[in-house]
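The data blocks that follow each hold one structure.
Same chain, two partners: chain A is paired with chain B first, then with chain C.
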Partner chain A sequence: MRRLLRDPVAVAALLLTLALIAAAIFAPWLTHGDPYDNDLGSAMAPPGEEHWLGADDQGRDLVVRLLYGLRLTLLMGAVSVAVGGGIGTLLGLAAAFYRRADGTIMRLMDVMLSFPAILFGLAIAAIFGPGATAVMLALVVATIPLACRVARAAAIVEMGRDYMEAGRAVGLGDGRLILRHLLPNCASSLLVFATLRIGQVILLGSALSFVGLGAQPPTAELGAMAAQGRTFLFFAPHIAVVPCVAIFVVVLAFNVLGDALRDALDPRLRL
Partner chain B sequence: MTDLLNIEGLRTVFRTGSGEVTAVDGVSLSVARGKTLGIVGESGCGKSVLSLSLMRLVPSPGRIAGGRVMFDGKDLLSLPPAAMRDIRGRRIAMIFQEPMTSLNPVFTVGDQITEAMRAHDRGASAAALKSRAIAALDRVRIPAPERRFDEYPHQMSGGMRQRVMIAMALSCDPDLLIADEPTTALDVTVQAQILDLLRDLQQQSGMAIILITHDLGVVAEMADEVAVMYAGRVVERTSGKAIFDDPQHPYTLGLLGSIPKLEETQDRLLAIEGAVPPPFALPQGCRFNPRCVFADAECTRIDPQLRDLAAGHAVACLRAPVESIVGVGA
Partner chain C sequence: MARHVIQRLLVAIPVLFGVLLVGFLLMQVVPTDPAVVRAGPNASAELVAQIRADLGLDRPVAVQFALYLARLLQGDLGVSIINNIQVSRELGNTIGPTLELMFGALVWSIPLGIFLGTLAACRRGRPIDRLVMMASVAGVSVPVFFVGLVLIWFVGFKWELLPFTGRGGPIWTLEGLQTLALPALTLGLVFVGPVARMTRTAVLDVLGADHVRTARAKGLGEFPVVLRHALRNALVPVVTLIGLQIGFLLGGAVVTETIFSWPGVGRLAVGAILSNDFPMAQGTILVLAGGFIVVNLAVDLLYLVLDPRVRA
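And now, the complex of A and B:
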């Protein structure tokens, strides 16, 4: 952690990420508008005194929508990485621990990896109807095999260490060995993975929403907002540009933070 | 005899790309309560696989292919896995070569000792476990055990960590301790301390010790009985004293010859030529014959079995006793 704080870029990314998360969590208290409150009088108002970032085609304030959109987008990213990462991690640890199951689990992951997430999102949206849940489901499925691979790679290294054998020699059961000894020693790789993955997942989720498979209008979600604004790109570019810049900043923050975490936690990269 | 542990014809094989390979080939040994059995041999002769076989912890693709391991009247090889897990740690404990990596780096040593205890004593309260763990640390002569309890492995030296491993191994008062090269990774002065400690603990508790080592000095220090292993087999079995006074197998002689001596001037050490044959390319006849200075034509045809030369002294060599060969040669 101390190593992380020594790198100014990492500190900036960390602060930015925390600020974004805080803004998302406290959106209802930071703003006093309703993201669905339209005021056709100020429709497509450019950024100005009344609406700092302007208003969209329905006259909804973009600052308010942006914060609520951030809330939903971050939530979607965090939940799908947590769920997909959790399932993938357990599978990966199991694959490393029970070498017999390794082949089966990893081939299954290869199959999952060979489906593009967008295609999978399309399929899920076709079955359950488009919406935030469908997007999250697609993102979970897209995250499982990646997390599984990261966890398995880290766990196989740890399996070779003597403390695993020592744990077995004192009579610990498999569950304890996996959760108490294997998992914590793989945690740093998984933390780096999760941080980087949140950025990717947000991008992917926004893309799915942009093509209309995710959150439906009028929901405030960054991808959906960008899609809405596209129609008015020539008259009121700010409607599309504002959510796009927000996506860019969020993804950039998570990616830089992830990279910095990797530098700080991966001993192989230490100079 | 009422030995604590009786190994009979144990065979452990590994499945490889080019067929099955036998790492431990028909080993029979026994240890009595309160006694120490030393197992000596070069790298790759099957010592460690033997010890893992006793715990039924042979890593895949290895498996135990035959034999019996009678421990206190029960055959460990036919126990159900749950019963075996209960034996591990509680009745048979193990310490490893590398104290640097045998402790999990992310937990305090106290955590790890209490975890080992809890694995066999589910009902115990946290406070009781903690005081037992501190007593265990104190027993292995770790100064300020209350403070050490909350330390992480990286805050300790190698000798200290090996003490922690021993404390962990002894926390449940096992009947048998398997020590796989417990001092190899340590400084010489620390080695002596650890061996002293093991011997004192053995006297207090009456446990049996299987000491696996390639260091004959350690054997001299500790072992009541010695088994010399070569290429997966026991080639000589005798008392800890006779191995130095009256070695009979040419391989044992070779091992002894490759130790420098203080009182004699030697231009160079006698080294045994060559290396242990890989288990997939064992020579015909006696496994040691290509490296043996005494080998003759018969040795390349007949695979010698262990036979008793004297009471409690068994050798697997066609040409033993060694006096007969040396007598002819001189």
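And now, the complex of A and C:
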């Protein structure tokens, strides 16, 4: 951790990430507007005094929408990575711990890895209908096999350590051994994975929303907002630029932070 | 070698089965009765029953799945609910443009990425290395649609240099090339970053190897050392890693086609899903998944050819 704090770029990325998360959490207290409150009088207003970042085609303030969009986008990313990563981690730890299940689990993961995430997105949106839930489901499914591989690789190394043998010798149960001893020792690899994965998942989710398969307008979600801005690109480019830049900054922050964490915690891990 | 190939093909079987199952499921959630759709609005009840029996819709699900597979083998993907066009015909019209777009994006972004990655590796730690790495992190963080919209606004709208909607014709015509330029630039730009990054890592690994030190020790200049000894060996992992990025490219293609109204499979898929055209959605997903499986298989087999060590 000290090595991480010595790198100015990493510190900047860490601060930026924390600031973005804070802005998303405290969005309702940071602004007093409603992201769905329209005011046709200031429709497509360019950035200025009254609306710092301008207003969209319905006259909704873009600062407010940006903060709420950030909130939803980050929430979708975090939930997808937490659920998909959680399931994948448990499977990966199980594969490393119970060697007999290893083959079956990893073959299953190979099959899941044979589909690109965008196809999960298309197929799930086709079956359940477009929406934020369909996108999150697709992102979860696409994250499981990746997390499983990372967890298994880290756990296999740990399985050979003395403390696992010792834990077994004093008669600890499997569940306790896996969750209380194996999991914490794989945590650094998983943290790096999760940080980098959130960036990828946000990029993917916003792309699905952009083409219309994810969060539906008028929902304040960054990808959907960019799609909305695309319609008015030639009259009011700021409507599209604001959410696009926001996605870029969020993903960049997570990616730079993830790279720095990897260099500091686990130089062997490469995704 | 043969064992590896067979093993690889064996993994492809459950994958293919999974794709077909998803396609079949898609057809099961169709809210309308396909027999009624085929029979037309004025058909008698007997005719609908007749068609239902012909299609096997009164049989158990497992039998229906088998019948579905049989129809697929004959190239029958059904008919669009929206405009009654054969799904297979529509797919035939859109595959070409999608392949053109992918080719147009890869033909310049892979060489450029490999060049930048090699350059960064050779100048490790210097400003040029930092610049390339920063650009590549930015490249993997930027949404494809942002790049597309910026290019449309400047190149297409403000400077009026290139067209930005639709496809003017096949790639070998001037109009075709003009309309392909911006979409191919958009999709390629987000691909340069990952390729450069992977190449840099691979070249750095090889630069530390014994045979490179030997080449240097015998007095070879920097240029032949990098080109003949380092890059050549680094290309093996780079090819595999590029193969792994094909899914990423596919996602980018879906978005790029949507922004530029490029008449490809990705745009067709999105349109079909948004208009609840289940047969069409099923067809596009089958084609995209099938194409992805084939490319992955090809990359894995190429890996066997490139790296003799795997064959042993």
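We take it that the second predicted complex is superposed on the first by the 266 of 271 C-alpha atoms of A that agree within 3 Å, B and C clash if a C-alpha of one lies under 4 Å from a C-alpha of the other, contacts with A are read in each partner's own complex, and residues count from 1 in each chain.
In this section, a residue touches a chain if its C-beta (ideal position, glycine included) is under 8 Å from a C-beta of that chain, and two chains touch if they have at least 3 such contacts.
The structure displayed is predicted, hence computed values, not measured ones.
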Simultaneous placement of chain C and chain B on chain A, clash or fit: fit
Angle at chain A between chain B and chain C, C-alpha centres, nearest 10 degrees: 100
Comparing the two partners chain B and chain C, which touches a greater set of residues in chain A: C
First, second, both or neither for A:58, with chain B first and chain C second: neither
Partner chain in contact with A:216 - chain B first, chain C second, else both or neither: neither
Touching partner for A:162 - first (chain B), second (chain C), both, neither: first
First (chain B), second (chain C), both or neither touched by A:184: first
Touched partner set for A:173, first chain B, second chain C, both or neither: first
Touched partner set for A:133, first chain B, second chain C, both or neither: neither
Contacts of A:99 with chain B and chain C, given as first, second, both or neither: first
Least Cα gap, in Å, left between chain B and chain C after the two complexes are fitted on chain A: 16
Shared chain A contacts, counted only where both chain B and chain C touch the same residue: none
Sites on chain A touched by chain C in the complex: 107, 110-111, 114-119, 121-123, 125-127, 130, 199, 203-204, 206-207, 210-213, 223, 226-227, 229-230, 233-234, 237, 240-241, 244-245, 247-248, 251-252, 255-256, 259, 270
In the complex with chain B, residue positions of chain A that touch it: 99-100, 161-163, 165-173, 176, 180-181, 184-185, 187
Contact footprint of chain A on chain B as seen in their complex: 55, 57, 60, 85-90, 93-94, 96-98, 101-107, 115-116, 119-120, 165, 168-169
Chain C - residues contacting chain A, complex: 11-12, 14-15, 18-19, 22, 25-26, 29, 137-138, 140-146, 149, 152-153, 157, 201, 246-248, 250-251, 254-255, 258-259, 269-270, 272-274, 278, 281-282, 284-285, 288-289, 292-293, 296
